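The following pair of complexes shares a single chain, subunit A, combined with subunit B in the former and subunit C in the latter.
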Partner chain A sequence: MSLSIRWLAPAAVCVAASPACFAIQYLGVEQAQALIFPDAREFVRADARLTPDQIKAIEAKSGMRVRAAEQRVWQARTEGKLLGWFIVDEVLGKHEFITYAAGLSADGSVRQIEVMDYRENYGYEIRNPVWRRQFAGKRLGDKLKLDEDIKNISGATLSCRHITDGIKRLLALYEVALR
Partner chain B sequence: MSSAPVIVRRARPLLGTLVDISAQGDRAERAVQSAFAAVMRVQRLMSFHTRGSDVDRLNKLARRTPVAVHPWTWRVLREAQRLSAVSRGTFDITVAGCLVRWGYLPKRRSAAVDRRADWHDVVLLPGQRVRFRKRLLIDLGGIAKGFAVDRAIDRLRAHGVLGAMVNAGGDLRAFGGAPQRIHVRDPRHPARLIACADLQTGAVATSASYFAASTWRSKLVSPLVDRRRRASTNRSSVTVAAPTCMLADALTKVGLLRGPGPVRRLGGQPMIL
Partner chain C sequence: MEQKARQGTGKCRQLWLLAGFAVLLSPQWAAADENYFGYSYGSETTPKGSWEFYQWITWRHDKGEGEYDAFDFRTELEYGVTERLQAALYLNTAYHHTQDTGPLDDSGLREIPNQDDFGFQGVSMEFKYRLLSPYKDPIGLALYIEPSYSRINKISGITGTEYEIEPKIILQKNFLEDQLITVLNFTGEFEWERFPSDEPTERELKLELSGGAAYRVATNWHIGLEARVQAVYPNMNLGNREAWAFFAGPALHYNSKKWWFTLTLMPQISGSPRDPALSSRLHLEEFERTEVRLKLGYYF
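Moving on, here comes the complex of A and B:
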């Protein structure tokens, strides 16, 4: 065990202060599918299009708001047998916007969660639909200026509460619309 | 013809935060999955909230009878007690009692905690068993996150990756590879990030009070309480570098409550903002 660290001079600390707007791309859809269901031979698109009644039922079961009536879902299959459900979901915090993949087993239990995209922003309101639309299609917009150098932050990171809440909502979605 | 080494970077919601692991090498993907498994194991053993975790069993039973714990929990408890002794009680895992009283941790049936109880009343017995001498509650939030990072690093090394970085919501450790620039949040403007160091090998952890209100609600986090004054701290942000993340994590609390001198004496390099 050893320590090899070079502290930056206090002057450099001030100069290097950056605007906090950055993004990390972890996984694409296919990569996340392979990671969560390595045993699957095929992924069959099975998007959930929720009726108003289903949305109400999901909100009642989970206690969470449903923002989108459409949810990207795939069935993970091998030789005709259903292994489980692969769901792509998005959650929104005060400053962060996270896309993640949830794998549910065929019985509805959580198999694995993987973060696909993480974006943090303080410059302006993250709830602004224009800001969010820039991320549509899960690709970084060229117009968007993001600091790619900010990769390692020490110190209180935002909690994962929004993902935890998102998973509660997905489990209710499973009960209402997938099972 | 040689191909560039594979770099894998993954993140999962664990320990009440996002755990981010990156690794470089041919079998990096398997190594990273194995590292996540180690973090999940620490979460199962040491969460204050999870029923049946070692911490939960201790808080329910150890006042009445010695409770055997997992070797990992034992290691964390031993290190916590050592740090309590050398910091003369600045670091103290029994602050959980205060936190429950103040409503920062959930009340439980056995919440009648003896106000005089402190770390001296946690007794480590032969056979990796633990007994409490008074009615008290322990919370390993101030040290277990760092321990989880260290176990993840062990797994990555065992899989033979060339270099790796594990970041559990700000408690991070790296080895191999090129030096990595580490940023901290400006405690006066958490929106701003400040570049503070280049880390090649070793651990860096930061404790600060700016997101404390929300982190209190999640798992395995350490509210910053001065055990001796039974009051919250007002220092804003302390970053500590140390060979292991468990030590760096624990020493940030010492730095917040007692300043940089004691951190240096206990083997850490502090930076206070």
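Moving on, here comes the complex of A and C:
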């Protein structure tokens, strides 16, 4: 058989097609702070450095694994009054981390969440404000389970699940290390 | 035995090997849907309205004597019909380089002719329906069916006709916040074939159990182990098993935002019946000593 260009053409096309790989940063820290706490005058850095006992307690209360002993946290304040806590967190996407911010009110309930960085090919629908609003008012002890008190988004199930699990962990972090 | 193999050249073989390595090594290679394993499927489906493109390359090597190298190329386009149903179309091509290998038939001729040939093998379709998701339900479950037409015998390279239906039950269970992915597949391959074309139709059933575990070792990277055991039943008679073989080996999976690849090395660990002249522990008539599969995927 003589080698024919028609057999090699499909492979050549595929080799030539360069994928456009990029991560999307939707929000920086200051932008996310302004969206979640528009009434705050200042954000005071208050990172949580967790002890092994605190990590165990968070894992016991949330049922989720704590990946890092240090969590980026700010107090949102206005005129000396604590409005709540602004926390930057990461959860696993299918392959890369999803970076998001959660605002907790001073009483420990969820105020708002914002997706800051999303690097996955699918699942970016979690930025939908209607989906994110489901978390408002949630507290530690609430079920926080997909298809029960948190609706799933088809095609973004993994991202929905991991963000929901992340919020559950942050609510436990508040109970153990912030309040 | 009537020899209907296509004729080829050694030059062709070298060029295809070169093309294969070029594809493998090219960082710009674009291909599609994501599989953590070379042979076993997960239960997730392509999101509704999404297209994915795959290129599969399987190298099957060594039948214990002479020279045997076969490359199976599958080019696949996959589409998410609904959130639970995906459909795909495959164009299959094959390359065989064989020399003085394969069993002898009743006339004392090799059942695998000497050849060095590449050709269009056939087409396949695939339908996969997800019943349960591993991300929401205790276990992921999907049903799969793949009808195929082939004009080149996978083992011998002889031209003829084969129709095949391949149903599959797919289970998936994730652990450690979805960092550890395990899958289990039960597969039946119902085949009606005439190789060569003027031979009577033969029926054959292959049953396969395959599975694997893949762990996310770093961002974008999974390393896993995969195994499969396949048995062959002529005339689709479950009381008459002709042969079986067990394969196992490592799987490496990489994913970026737009594309991924999976590379699986699958040596035969054990098989039966054995021809001592070929191997003391492997069955090398229906199966080969080693398989290597590369899958490339590209998301649209």
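One rule holds in what follows: the second predicted complex is superposed on the first by the 117 of 179 C-alpha atoms of A that agree within 3 Å, B and C clash if a C-alpha of one lies under 4 Å from a C-alpha of the other, contacts with A are read in each partner's own complex, and residues count from 1 in each chain.
Throughout what follows, a contact is a pair of C-beta atoms (placed from the backbone, for glycine too) under 8 Å apart; a residue touches a chain by one contact, two chains touch by 3 or more.
This is a predicted model, so every value here is computed, not measured.
In the superposed model, A:Ala60 lies in contact with neither subunit B nor subunit C.
Legend: residue contacts after superposition of the two complexes on their common chain; A:Tyr26 is shown touching subunit B, with no touch to subunit C.
Look at A:Leu82: by the touch rule set out above, it reaches neither subunit B nor subunit C. When both complexes are overlaid on chain A, the residue A:Ala69 reaches neither subunit B nor subunit C.
Applying the stated contact rule after C-alpha superposition, one finds that A:Val44 touches neither subunit B nor subunit C. In the superposition on chain A, A:Arg161 makes contact with both subunit B and subunit C.
Looking at the shared chain after the overlay, A:Asn152 reaches both subunit B and subunit C. Within subunit A, the residues touched by subunit B in the first complex and by subunit C in the second are 1-3, 7-8, 14, 16-20, 95, 122, 152, 154-155, 157-158, 161. Those residues of subunit A that touch subunit B in the complex are listed here as 1-8, 12-14, 16-20, 24, 26-27, 35, 95, 100, 112-115, 118, 122, 149-161, 163-164.
Of all residues in subunit C, only 6-9, 11-12, 15, 19, 22-23, 26, 28-31, 34, 47-48, 50, 53, 55, 75, 80, 83, 93, 116-119, 133, 135-136, 176-179, 216, 219-220, 255-259, 296, 298-299 touch subunit A in the complex they form.
The touching residues of subunit B, when paired with subunit A in their complex, are 9-14, 16-18, 20, 29, 33, 165, 167, 169-172, 179-186, 190-208, 210-212, 214-215, 217-218, 221, 237, 239, 241-244, 269, 271. Those residues of subunit A whose C-beta lies close enough to touch subunit C in the complex are 1-3, 7-8, 10-11, 14-23, 64-65, 92, 94-97, 119-122, 146-147, 152, 154-155, 157-158, 161-162, 165.
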